[in-house]
């Protein structure tokens, strides 16, 4: 059970509905996922978070699928169950195959391993990297 | 100062030199970075880690630059100074522009933010994502 | 299911019961939450942990509600499900409103974001801050 | 050394200067700290991050000093050197005494400890907390 | 539900079965735990991970039980539910008593606490330790 | 530079000196490391932390060297520079060889890797482990 009640469209205030409408339009869906229904308790937080997601995840110097896979990499590293499920689903919708997912996680695992070898040995940064 | 002495090529055992040689050949460089010089205290760990890096970071379902950027994303999330410097340098060598780096970090920052909103509110995973 | 069996009051050793009694008296409740029932397998750990909680969370230079909200902030950052639920409940009991919780989590999310921007860019600390 | 060059006011583009001006005005200072000078490589990220900091850290249901201390708690938990220094300095400017800082860190330490006891024992959440 | 389907022995490709067989032989069991059934989607990752586990966890300068307890310590610190359950079970099979588990977690909790006191106060490393 | 001034023996209050004396006596040294000199700003925190360290790290079901190595494993996982240096030094003093350190870090690296594979794939815990 969530820490706060989830706010459904039918009962939402106008400024919350406005964000819900934008999300559904942007994604071409007719439902809102639980993350936004919880943020809706703070309409300013909901608006700010959605605006950030929309801007950051848009095509730019990196393509949206690469961005979505980076999101999965961070979520797996942090152990966020909700985000791992929701962003893996989003990455698949954008074209991530099973083989791509497995390679992505192999990199995430390796990086988490060598991060600790480097931190555990307190290795000084080579001047060539700076 | 590192926790262990860094082992230079000149003083390295044959099985360590063999790995050093492979690293320099694969990267087209004539120097070894400190990470490997510390792992060299355990030749089996050195060999296993290099073999893993070589296999995991090779072209596959994902291209090597995307993999390198995922490595940076994990290292920034974990706060590993050494790995952030070394893998950002590697990603630049593979073609990452300043604009790509900034977008990558914007995604990393956003994911770390929403990971905590989802965890702090203990939001249940939508059935549609499973 | 917990990794260890939960030890109920009825079956607890005297030194465990003594801690359980103190907890219920301090909180004005007639039940013990699962955290303590698991620690009870090591009565010294149970005693030390309860004494620390009692001392650290007491009124001092900071008021108990602020302390409880800091506890929630850390638990959300670490993704600890049990602690997020228990300390959010404790903070609400001490007066945290829904609006306060949402603002608290907005700060937690923002801090987790900018922590990674700072770490990913390895920004040197300004002399003015030291 | 930072991963990217720090962009000084004199060389900054107009939209970067506009953010720098707002920051100095809001804080009553005549200098910009390194964090913003690094973000300036991506003016949209700079603008979005500053707007978020301004909104989230403003007085609301929580007072700004409490928010700043929550920021310190998260930064200490994540081990972000830059953020720990900058937000501790900010909290002191807003009135945090040495005694308040030490109590804050005592709570942070305790929460990090009990988070791991709860996670290591996989303690089920009590129904009373949900 | 896992992010990927779990691959059972009966439907597994020959190189996956070969790893499954080695795991069961090494452990003296007639079943494969879910972790490997998920990795099986990437036979190279499955093979590499199993080979690493086999080599790293073998008797050496440290005995296998100590290694297994270190695995538990890391898993509890990271909050990995699957790994905490599976490696606590493995440590018990190798002889870890309830008293040993509780002491192990007491150290894990303490280390997580003092890690944050040290990081929150940014304490400089004493020259004697370097 | 530390966030707080380090408090030297000569200027310390009696209750702080009492802890310093105990630390030096327990360790057979004539100096105090920086960690305690920073905690000394809060004599109750200093006392509580030292008492916890003394009790938790004492011989029990686990021997002190194993406990010290678990401390190193957690500190490397969290990336705490101070703690990695100080507890590696302590483990060496208690008998940890270079080979033991390298094996310890190999386990820490592997656990951090498989923790993320398990979390990234959201693998359900096998009933046999519960």
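The first chain written gets the first letter, and so on, giving A, B, C, D, E and F; residue counts start at 1 in each chain.
Note that in this section a residue touches a chain if its C-beta (ideal position, glycine included) is under 8 Å from a C-beta of that chain, and two chains touch if they have at least 3 such contacts.
Since the model is a prediction, treat every value here as computed from it, not as a measurement.
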Of A-F and B-E, whichever chain pair has more C-beta contact pairs: A-F
Rotation in the CA alignment of subunit A with subunit E, degrees, nearest 5: 120
Remotest chain, subunit A as reference, centres from CA atoms: F
Subunit E and subunit F, separation of their C-alpha mean positions in angstrom: 21
Centroid spacing, where centroids are CA-atom means, of subunit A and subunit C in whole angstrom: 27
Centre-to-centre distance between subunit C and subunit B (centres being mean Cα positions), rounded to whole Å: 34
Shared-contact residues (touching 2 or more other chains) in subunit C: 1, 3-4, 49, 52, 75, 77-81, 84-85, 88, 99, 102-103, 105-106, 108-110, 112-115, 117, 119-122, 130
Touching residues on subunit F, where the partner in the complex is subunit E: 1-4, 31, 33-35, 38-39, 49, 52-53, 56-57, 60-62, 66-67, 69-71, 73-75, 77-78, 80-83, 85-89, 97, 99-100, 102-104, 106-108, 110-115, 117-126, 128-130
Contact footprint of subunit A on subunit D as seen in their complex: 1, 44, 48, 52, 55, 130
Of subunit D, residues touching subunit B in the complex: 3-4, 41-42, 45, 49, 78-80
Residues of subunit A that touch subunit E when the two form their complex: 79, 84-85, 88, 98-99, 101-103, 105-106, 109
List of subunit F residues in touch with subunit A within their complex: 72, 75-77, 79, 81, 84-85, 105, 108-110, 112-117, 119-122
